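What follows is chain A paired twice: with chain B in the first complex and chain C in the second.
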Partner chain A sequence: MTVIDWGYILAAFPDLMRGLGMTLMVSLLAILFSLLLGLAGCALRVSGIRPLSYAMRGYVEFIRGTPYLVQIFFVFYGLPSLGFTLSIFWSGVLALTIWASAFHIESFRAGLASVGREMHDASASLGLRRLPHALLVVAPIALRSALPSTLNTVVGTIKNSAYLQAIGLVELTFVAVDRIAQDFRSTEMFLSICVIYLVVILGVSALGHRLERRLNRPYGSR
Partner chain B sequence: MDLLFEYRVFLLSGLIETLKMSAVVALGGTFCAILLTMGITAKPRLLNRASYALVELLRDLPLMVTVLLVYFMLPMTGLGLNPFWSCCLAISVWGGANGAQILRAGLASVGKGQRETAAAFGFGPVKTLLLVTLPQAMPVIVPPYVGLLTALVQATSLGAVVGAQELLRTGQVLIEQTTIMQGGSPAYLVYGSILVVYFTLCTLISLVGARIERHFLKPYSASSGALAEDRAHEIDAAISVRT
Partner chain C sequence: MDGTGAAEQGIAFDRVNKWYGQMHVLQDVTFSVAPGEKIVVCGPSGSGKSTMIRCINRLEEHQAGTIRVGGVEVNDQRRNIEQVRRRVGMVFQNFNLYPHLTILENCTLAQRWVRGTPRAEAEARAMRYLERVRIPDQARKYPGQLSGGQQQRVAIARSLCMEPEIMLFDEPTSALDPELVREVLDTMVSLAEEGMTMICVTHEMGFARQVADRVIFMDRGRIVESAHPDDFFSNPKEERSRLFLSQILH
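Presenting the complex of A and B:
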């Protein structure tokens, strides 16, 4: 194996950090939008209105049953020919949001399903109305039990932002591949981005676990 | 639609390549999963730690990075691989890491008493695994494993990034050609159809998977079968495949 040229990594560092900035920006926006859409979609899914509920189910099944890369290409290359043009950045945000919200809908739904019947009975016997019941009883329990899979999707959103290099978004992976095409320093570049991705992803996971522990405190140590 | 019909032979060749890649990564992924599971459950501490670290590393890195890494780094080790095989290798190793997690959780779900009883009956480790542990672990393993297989089929689309001539790549070529020759991009039609093809493939795999799942639940009575199914889906949710 070749010896690693640390000087080259140092020289590439500013570029890599700019790429990381883009990765984080796209991911952050997509995480935000997908969580909101996920909540809204889950509300429709369990609304009891048949057509809406089926539509959401179909959406989740379709997104989970198709490759994410093809979804990105459809959004970036396909939508303009339907008269809907977005920049690379916003195409990326949209594609990531579409992907992640399908997974969020499913985990929120599973969270809601975990709220036992006795909770509804207890609320009814206390005379709680629908809205306070939903917000003060069901939501805290459902969101807690949905948290692990939601966090998994959040981390997945950051990881999947790497796919956006395929449409030319200048994020972390794109920067590395672009430099490899110029300087052929693949060992140095892959070592760098692997370390950067690991730091970011393990960091976000650790934050998520802290949040989980904090939220589970009322239920004793788990 | 005329366009798709006109280039059906070309697109079909891409689909066949995708199916070939899917078969290779399904087999390769399972092979890697078994190897890594053996590593994780092995007694020697060093081997055990190393396999565990490898599994975590592969599950935490974006799959796109793994695929590109293998594609760019393999030639440096003297193996000049073509896009098809380097992509299959990367996806197989990734699938192996996710599969190992599923297999380990499945085997761990079978109570220790079962293995002790088997040992008391004079079963060796291989016999115990094949005749006692594995059949009981199957209801827990199959549902998430089918999910993994669909993820592997979807992952083969990454071949387009490194230049394997699979379905997505043929679609890209077709779009480039017709945009140059006829003007006006048919991208939404081509990519839309490719989405439908993948969706059909994955739905078929899920349907077959559901049948296999039923087969392994058959020995259990209705109530305990439902219990095993519940447990399986619980584990499925907990260890869902990380992209």
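Presenting the complex of A and C:
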């Protein structure tokens, strides 16, 4: 019977927190960049400009159709041979951003598709031009309906940051795996990082749901 | 029917045609509406009523013939379309309110972004029209919190805020529970009494008798009959009008 060595966990705690700091840092940057790129990519995707729209479609299919680990290796090992060399940290941010952007593009696109013809008719009949219609009517409605799946991608970004240990980024999972290699306390370490990930992600989800409730309040009883 | 002078001010359709693929949905539609006139359009489902009134403010394009609104031709010129839309308001079957904006914001958005009206002035005007449709107390609520009848009255107020000369209604009461139809029709009647030029697609024959100067009956993309409501209801000339009336009046 294994007994959990709480003292060992306590001793590893400062290391784990440093790892968590790195996890949060790459994730936060990737979340920010991917939301912006997702918006831009979605705009291109629905721009009606064929080559741009096809490029975005291809990008989304490529990211969805290839393993995430392979994408990371491509960024870290592949890009330098093409002349772009990035630090481990920025390789990690880039790989996560590339992954998450593709999913955000799809969420935002689905959100846009949920805005019916009716809104266009209303704005057109009132004489509202394209740009204010897009920014003040379509975008707010689309973003609200995209929120749940956007939240999924945000949570996925944090979880996927664990893969970055494969390129040597000293984030939470790396710290745990590294200690296990030295001390063989795998139960203690995996249990610890599971709890830490869970706390972070439950926190993010709770924030997200609060935002969702607040934004959906206007829709009243419908 | 109307002198050309009147047509210059109102709406004039001249042999308007429209196709969806192979389907000929408007066939040589010709009629005019003088300022202050109230027209009720009726006809079986799929006869082209919505398509016809949506061509007036270019929510749909026609492919042949001419449409003029206040002397401005409705064509692909953006300037013309904007001019026409400034004169023409529209109310839809499903209200089409902006769900994420309050009632007040629904009524001020276009004022502020189309006409550049300052906020305070836009809100004052919105409140005036919300009072007209008798729901000023709902101004801070969202559309989803209102009944269908209230939502439709907001939609009317939202249109009126742009101070149009002509109002189009596309089956404004068809999506409402029967007990809510009256309040919307009352609002439309009072609008008619104030002299608004109106084209209403509706099967509310009581409303037609009460306010319409003319009933236009459409079938399969054509105007089959156009007559004063008294004549149309008691003595329809065309076989198809008779058949239609016997169906909706039981």
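What we mean here is this: the second predicted complex is superposed on the first by the 220 of 222 C-alpha atoms of A that agree within 3 Å, B and C clash if a C-alpha of one lies under 4 Å from a C-alpha of the other, contacts with A are read in each partner's own complex, and residues count from 1 in each chain.
Just so we're on the same page, a residue touches a chain if its C-beta (ideal position, glycine included) is under 8 Å from a C-beta of that chain, and two chains touch if they have at least 3 such contacts.
Just so we're clear, the structure is a prediction, and the values are computed from it rather than from any experiment.
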Which superposed partner A:36 touches (first chain B, second chain C, both, neither): neither
Which of chain B and chain C A:195 touches, first, second, both or neither: neither
Contacts of A:136 with chain B and chain C, given as first, second, both or neither: second
Touched partner set for A:166, first chain B, second chain C, both or neither: first
More chain A residues in contact - chain B or chain C: B
First (chain B), second (chain C), both or neither touched by A:187: first
Which of chain B and chain C A:127 touches, first, second, both or neither: second
Partner chain in contact with A:71 - chain B first, chain C second, else both or neither: first
Contact set on chain C toward chain A in their complex: 57-59, 82, 85-86, 88-90, 92, 94, 96-102, 109-110, 113-114, 141-145, 158-159, 162, 168
Complex contacts: residues of chain A adjacent to chain B: 1-2, 62, 65-71, 73-74, 77-82, 110, 148-149, 152, 155-156, 159-163, 165-166, 173, 177, 180, 186-187, 190, 193-194, 197-198, 201-202
Complex interface listing, chain B residues touching chain A: 57, 60-65, 68-69, 72-73, 76, 150, 154-158, 160-161, 168, 172, 175, 184-188, 191-192, 194-195, 198-199, 202-203, 206, 237-238, 240, 242-243
Chain A to chain C touching residues, read off their complex: 118-119, 121-129, 132, 136-137, 140-141, 144, 218-222
